[in-house]
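See the structures that follow.
Shared between the two complexes below is chain A, which has chain B as its partner in the first and chain C in the second.
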Partner chain A sequence: MKLSKLIYSAGAVLTFSTLSTTVLAAGDTVPVKAMADALHLVMDSDRSVYTRKIVNRLVKKEKVIKASEHFEDDKALVLPAQMFRFGAELVQKRAKKLPDVNFTYSLQSLWPINKQNAPKTKAEKEGLKFVADNKGQNYYTEETLGGQKYFTAVYADTGVAPVCVSCHNKHKDTPKDDFKIGDVMGGVVIRIPVGM
Partner chain B sequence: MKRFHLSFALQLVLLFSCNASIANANPDALIIEFDSKKLQAGRSIWIDNCKGCHAYGTADAPVPMNIDDWKTRVIKNKSVLYEHAINGFFGPDDTMMPERGGNPDLSDNQVKLAVDYMLELANFYIHKSTN
Partner chain C sequence: MSEKNSPNIWLIWLALMLALSVYFTFLLIEGEDKSVFMPGELTGGHHQIGIACDACHGESFSDKDEMQDKCVECHGEQRQKPFDSHPRSKFTDPRNADRLKNIDATYCVSCHVEHKPDLADKTGVTQAKDFCVHCHQEIAEDRPSHKGMEFDTCASAGCHNYHNNRALYTDFLVKHMDEPDVLEKPAVVEKEFASVLEEIMTYPHASYPVKALTHKDIDAPANIQVKMDKAISHDWKSTAHAKSGANCTSCHMQAIDGTNKPEWTNTPDHTACETCHDVEVKHFKQGKHGMRLQQNLSAMTPADARLPMKPEAYKKKLDCNSCHQPHRYNLQTAAVDSCLECHNDKHSLAYKDSSHFELWNKELNGELPNGSGVSCATCHMPRVSVDVNDWLRRTVVQHNQNATLTPNEKMIRPVCLNCHGLGFSIDSLADEKLVNNNFNGKPSVHVESIDLAKQDNIRHLKRIQDD
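Presenting the complex of A and B:
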């Protein structure tokens, strides 16, 4: 059974805390929204730990190494956003070998430095605009792509460090140069197939 | 005497009657105004420079409307809070407060006014919760 089929049920009440100690019985389900929220919580927490315990500590506090977009040339740490993207790419690659695991995630922006990270679907565009216009709120919807129905969630990605904001504002390819700390600069899009 | 929006009592009831983090709610109505001219100036600076993170708990920034976030901070010497806000600060978990909230154009006095407002806001919610 596909994971998405297992988790997609609007009326289900099983929580992830329950999941951790309970073997799922036939018919038990987890709401797809809870699944998306849990995935995002893991992603965001891992990224925060990398930012704080690796980048902030080694670059800002101990000043022993730099973090750079051109990390290979500069022999530097990858930026937190790059770490996030590399993780997304690896998940997508590994998930191909796991037929029961079927979801994708990406970091996108209405103002991308790399045009590949611009939203493509209507849901992505609406979701990124919603989280930028409604700080503190997430966006959830369903969309059908290529005949497949998906649950799509968008979570705000906020600029929290001066270097995030200044790098985006000064980058030669940026379409927006007036970001401030605390501004929503993009969003994490999680897409889970449903009704399979 | 402190002044606040008419709908504030209802918002306060909602705030303290659910477990949801205030960081997930629209905080605008909770960013109340006080009568003092200095606090009004501080509120304006806070909204322009601090709200983006501190109103939502972004990157675990302490939210002044969340009592647990501030009950240990309000008892600190104010000079420590000023120093952290002006020069930046790494917390015990390597969380980072950028110097001057990331706005180098803010003067020391402007940062202090914003800190004063955030402290007053935090104290307001702490006192409300205990009354």
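Presenting the complex of A and C:
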């Protein structure tokens, strides 16, 4: 995939222009790092809204419904992490029909409840460790997977609500049960294919 | 002499070759039955449609993505969460590139190779039995109860299913671990169609408003009414069709051969039923009974089946009317008698000696309330909750008999758990002898999955307590 395909015209992604100190003109491009940062900002904001305004409000404040990983069986809300993953899966499915849009993202952790969400590639392992050790900083690198080169960005995923921390600490499959509010509990990994 | 005749022999040979070439080319392009080109026998799941190569191969014949689309056309509904714990979407992230080198789980054919009958097990899987090891090699660390177990035992009956694991995942086992063999209030799911008719947007409300009809309302053309057997109108009047406004023309007026002009037909096919029962017909065409119709082939006959069938039924054509007698549409007949008209295997023949049949008889005789009896359809075509589209969930009869079979643990949640506890259900379905005698007795095998889940749960509760 050509680099040109990885960068969007500013006209098509007005949202990104607000990230830059310089106002972009039609036909200008957005650097791949800025694109990853912008994607993460949207993901993180949506995730935060779902966690605060839906799950925490209905489960903890108004106490009208539960949230459960077995949401179908328990007739409950989907967990914030599942909401995030379902979105990632839908993006992949929909992006297949958009040849100029190509990126993937996932939620991972050094202490995953589901072991399939543990870091696997070198970039994931280093990135997740870096964001856990360096609060407030992101990790950027390039890696090659299945013959394709990717720009890979890792962002910290922090336990913001008591419900995040308590649920992870009590889960039967958790490898870590002493998370506190504000701890980095995992990371969001965004991949954008670059070069050929 | 031989030298003299040689040119003639060559000419005959050439003509023969040309004739054969023309014949096979015609067969390949225009013929319905292309099985002569088949490289090896098909599995039980596909043999009915083996003569239609393009049903699976598509137009390109060998394009992997087109073939995958063909798999999804028929199997896609069941290959999504929550019915599939390993949907394709789980593997498409590039971080799985290394794993896909072992088994490319984004393509069905990686594990289900066709035309290789010697490789396939009874569920059509052609991978080595220990395939789980590629992703779950550290399972014993998470589940100490699994220590020492070999990876070729993961998918043993009652333990794990790669696709439909809905009745077998740990939290579900724990939730249902203490249930009795028979539940306190066993009952099958009730019918719903009549009560939701108004909500079904695809129902032809305008043409056939929901209202009870009488003999006076019969709308067959005059020339048909003259010849109509009285038994037909009598049968029709006793049905839910007459009670809900489905008149003669609802089924008998069909657009023939793709035209838009409906004409009277004496023998309406499944497309007539589809007008009101689209979900049921869609499922029917996904199962072994109707999959030939899905591919526009002639209807399946019991003679084509690999299961034992009654010889006198060999020529029966399988469409909606084969099980639902036309005009009468007696659901009790469709639920037992229609099945036993054809099926001749041990399990079917043992049904009338089973306690399930005893309950069914008592329900029919009014000795037990509705929903107490267990017919063939109760288990093989159960009423299930189905998302008929993105916005609506309905209770429908699952007319795809395979939705609750192969592997048979798929039956546990939609069927067995209406009446039985989970442990009893898992053990019963794992007991081949019990399956063959139609569950006449108690299971003689025990699957350990609930015991193992219990152990892990105790360990977990202790850890929380210690914290």
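The rule is short, and it goes like this: the second predicted complex is superposed on the first by the 171 of 196 C-alpha atoms of A that agree within 3 Å, B and C clash if a C-alpha of one lies under 4 Å from a C-alpha of the other, contacts with A are read in each partner's own complex, and residues count from 1 in each chain.
The rule is short, and it goes like this: a residue touches a chain if its C-beta (ideal position, glycine included) is under 8 Å from a C-beta of that chain, and two chains touch if they have at least 3 such contacts.
Just so you know, these numbers come straight off a predicted model, no measurement behind them.
Enquirer: Could you say whether A:124 touches chain B, chain C, both of them, or neither, answering first, second, both or neither?
Expert: second
Enquirer: Report for A:46: first if it touches chain B alone, second if chain C alone, otherwise both or neither.
Expert: So A:46 meets neither chain B nor chain C here.
Enquirer: Looking at chain A, does chain C or chain B touch more of its residues?
Expert: C
Enquirer: After superposition on the shared chain, which partner residues are touched by A:106: those of chain B (first), chain C (second), both, or neither?
Expert: second
Enquirer: First (chain B), second (chain C), both or neither: which does A:37 touch?
Expert: In the superposition, A:37 contacts neither chain B nor chain C.
Enquirer: Check the residue A:28 against both partner chains and state whether it touches chain B (first), chain C (second), both, or neither.
Expert: neither
Enquirer: For A:135, select first, second, both or neither according to whether it touches chain B, chain C, the two together, or no partner.
Expert: Touch status of A:135: first partner only.
Enquirer: Write out the stretch or stretches of chain A touching chain B in their complex.
Expert: Contacts found on chain A: 48, 52-53, 56-57, 60-61, 134-137, 158, 160-162, 165, 180-183.
Enquirer: Would you tell me which residues of chain C are touching chain A in their complex?
Expert: Spelled out, the residues of chain C in touch with chain A are 82, 89, 92-95, 97-98, 100, 135-136, 138, 142, 169, 171-172, 456-457, 460, 463-464, 467.
Enquirer: Spell out the part of chain B that touches chain A in their complex, as residue ranges.
Expert: 23-27, 49-53, 55-56, 58-60, 90, 93-96, 98, 101-103
Enquirer: Okay, in this complex, where on chain A does chain C touch?
Expert: So the residues of chain A in touch with chain C come to 69-70, 72-73, 88-89, 92-93, 104, 106, 115-116, 120-121, 124, 145-146, 148, 150, 170, 172-173, 177, 189, 191.
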